[in-house]
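Please find one structure pasted underneath; my questions will follow.
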Amino acid sequence: MPTQKVVATTGNTMVAEAMRQCAPDVVPAYPITPQTTIVEEFAKFVAQGRVHTEYVTVESEHSAMSACVGASAAGARVMTATSSQGLALMWEELHIAAGLRLPIVMANANRALAAPINIHCDHSDIMGARDTGWIIYFAETAQEAYDNTIMALRVAEHPEVMLPAMSTLDGFITTHSIDRAELMDDESVKAFVGDYKPENALLDVENPTTHGSFSGLGGPYFEFKKSQRNAIDRSMAVIKDVGAEWTKLSGRPFDVIEGWGMEDAEYIIVAIGSTAGNARHVAREMRAEGVKAGVLKVRVFRPFPFAEIADAIKDAKAVAVLDRSESFGAEGGPLFLEVRSALYDHDKRPALVNYIYGLGGADVKLELMRRVFSDLVDIADGVIEPGRLVYLGAR
Amino acid sequence: MSKWDVSDINQWKSDQFPRGAVIPTGGNSDEYVTGGWRSERPYRDDDKCTQCLLCWVFCPDTSAMVKDQKVYDFDLEHCKGCGICAHECPADAIEMVPEGCELPGVK
Amino acid sequence: MANIRELSDRADRLAGGHRLCAGCGASIAVRQVLLGAGETPVVAGCATGCLEVSTTIYPYTSWRTPFIHNAFENSAATISGVEAAFKGLKAAGKIPADKRVKFVAFGGDGGTYDIGLQSLSGAMERGHDMVYVCYDNGAYMNTGIQRSSATPFGAWATTSEVGAAHQGKEQRRKDLTSIIAAHNVPYAAQASVSHWKDLTDKAEKAFAVEGPAFINVLAPCPRGWRSKPESTIEIAKAAVQTGFWPLFEVVDGDWKQTVKVMNRKPIEEFLKSQGRFAHLFKPGNEGLLVEVQAEVDRYWEYVQNRCNCGQ
Amino acid sequence: MQQLTEIRWHARAGQGAVTAAKVVAETALSADQYMQAMPEYGPERMGAPIKAFTRISNEPIEIHNNIEFPDVVIVLDESLLDVIDVTEGLKPNGTLIINTCSPAADVKKALGLPDTARCACVDASGIALDTIKRDIPNTPIVGALMGVTGVIDVEVFKELLGKNLGKKFGQEMIDANFAAVDRAYKEVTVA
């Protein structure tokens, strides 16, 4: 039987604990705010001998992911963590890790991208990596960061999937806030994630294989990409199965989208990460005032739960999609583009409005959430036209 | 190491390929013939040859065939005819001769 | 250290059928380096470049040993990850404690002197048990002979052109071997494909060392040097005999010249059979030729001093 | 019904406000409550004014932003009163706790707090110097917080404090800290 301990802890500590419990063979990592305490706490576990991991203190994030690729191709279980500029520096390697089908798991402390330089939360970094072929989880709380990290490993290493996965949490808001969370016992996590059984490992020296071959014009590059697409499509079912299994063990619910008040909601906020909590808090107040408010949190962004989201919001009167990152020059932020696209096949579609908010850690004040709901009511009543893109709270 | 059969690779569907573009075997390029690149081939005079093995150690194409510490032939399926072996042979035992005849497997 | 007959008994770990040019120095370097590993299993990696592309055109590989190519600038980091996996899996009891495997990363001069320098420096400093081998042909040959920081002073390249205003590369070569020696690694050496015994001995030492080792191998490129394919070894030999490419090793900080050159030949002996230096022999460029010789002399003296200061 | 208490801490970097915010939250957790604690991170180094936040609730806390309308404001450094508006957003019936020797009524008047609000003053630095022998006002100020609001239990706090200190210090240091807590708990005055 699993035992769980209630702890006062930060998101980063929970990620470090999840990593320790997953017992990676190799962790190559480079420090960057606000991911730093993950790699510091993990280094402490290594120093204490609480995990057997070979910890590689690389000289850059590019080398961190490069070493992850080497170690994973060698047949090791590999994890790491990064943030912001570090994730951006890894960009090339993110594609390679996915293309080589290496089940690396990485935590990302979601943070703004320069310029100007800013160390606080937004989703510019991770959204820039959304098309690299990684599975992407978003956490609202320290608890979810922990749960997501463990589940991500199971999903990544699943023989039907074999793709890298990211477990992301909001910089400072979730990485550094102390929160109440439950920590599963080591043995239960160990049993849950199981042993990694690599195929075609480089360290199987008796059976040499070649990784990272050249597949140029006329070669099967196109077919490799198709099989990569098939794999991430297949991962959706695996994510749900693994989630259900984890729920059974932990008692904590999981779904790729998580709704509040969605049964009869007329006005819905779709949000990602910590902001979903703020929106829910305000939605409760709106409900008390008689407004049928609902909140839909997207917990898995890649693969994107198109059908689930469309089904959840199609009957609403008005929906606000909250993006904590830009897609400059596009019709809206990344989440908005996906949600809007998800609704295309439905005859009945709610009015949709996109809010860009909280860039560079701009505080997501409750008043802003109230404003969004009140806009939605006005839009539904025809009092105001739905603006396509609103910079929420910016001067 | 067991042979990886790629004879009908052009018919494979995307999910039939080994995952991640891995080549699940070692050294199978020896199934690929580069001998056709050649316009001259090395000819070794066994009487002149001192078995110094320099042709073997300097060959970029692993094409000087050695057994029991002796060169016995050239692998003409892979020799590209660079001529290093002839150029470096201290005994003048190797000569580059114009290509004339057909090679097995080369069209 | 093995003689050529003993070497010929060893398994050749690079198969024929690769698509490198006729007379390529890179594959000669790889063959000789891997011969130095003896019978110990080796996992190899390579930076993006001619060698990597031409030896792994899907579905064919020329590597009879486990091989990984990741990207251009990270051959060292990638192999450091493989080596870390070996240690981590041993610590986990998933690989027997007495199992021996060696690790080698290859890279051209572009992938080593330039874009891969940070990754290499990091891997050397971290002390991985790995060998890094640079096959130095003095330019970005894979993309069509663009100059690198390894391109010799005065050489033509497609980005250090020869014309009325400029006469090839105007900067000195970067001395990468010294840079790596300055990392205080247990073994660093400079070698040439022409001196096969020196090179295979150095490879053997590099693999035997516990910790990071580095070998910088001069590997002529007939295509980029505008030389005849059959002249590859001859030109590499001239590089050594003129002092352009001194052969030395640095063992635990101790510099030693491994191949003595008694009567150093004028640099023209190295330059004359390469089209990339043809402009140096044109009327009006006599002064440039003197400068090239002076630069070779300067580096030669530097290496002599490093090698003699301990004696 | 959710009973949420929101506390904002003002201090200078290095005075232990972040630690105090954390220990108060941990104390709440020990009493099986829900809590959050977070510093406001900036590029400033030692000595700069900083803020930290603590939330305590009987139900799960969903809000993840900074505290705009605190129930309690704690000021660890009196000199900050001249630099920043510590009363900003304080609820009309909120409580302000200040580390100062000045009488509470004077401070309340000087800051222009409404009658509905409470102003609590304690010489936390003086108490710390007497007991712990160092000007670390964060432990006594928590004593004052408990004395004035009862938001966390003093015995639960002391148990946790003892456990934390026990990792690094001997019984003498633990007792000195307990004395600091008890004195501030009693000596805090409210206007």
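So that you can tell them apart, the chains are marked A, B, C and D in the order they are listed, and the count of residues begins at 1 in each.
Criterion: a contact is a pair of C-beta atoms (placed from the backbone, for glycine too) under 8 Å apart; a residue touches a chain by one contact, two chains touch by 3 or more.
If you're wondering where the values come from, they're calculated on a predicted model, not measured in any experiment.
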item	value
Which of A-C and B-C has more C-beta contact pairs	A-C
Centre-of-Cα separation between chain C and chain B, whole angstrom	24
Whole-Å gap between the CA centroids of chain C and chain D	64
Interchain centroid distance [CA atoms averaged], chain B/chain D, Å	80
Chain A-chain C separation of Cα centroids, rounded to whole Å	43
Contacts with two or more other chains, residues of chain B listed in rising order	9, 21, 23, 25-27
Junction residues of chain C, two or more chains touched	56-59, 61, 63-67
Chain A: positions in contact with at least two other chains	208-213, 215, 220
Category of the chain touch graph - line, ring, star, complete, other	other
Chains touching one another, given as label pairs in label order	A-B, A-C, A-D, B-C
Residues of chain A that touch chain D when the two form their complex	6-8, 34, 119-120, 140-141, 170, 172-174, 176-180, 274-275, 277-278, 280-281, 363-366
Of chain D, residues touching chain A in the complex	22, 25-26, 29, 32, 34-39, 41, 43, 60-66, 68
List of chain B residues in touch with chain C within their complex	4, 6, 9, 21, 23, 25-34, 37-38, 52-54, 56-63, 66, 69, 75, 77-84, 86-88, 96
Residues of chain B defined as touching chain A within the complex	1, 9, 12-15, 17-27
Residues on chain C engaged by chain B in the complex (per definition of touch)	4-5, 7-9, 12-28, 31-32, 55-67, 193, 196, 222, 228-234
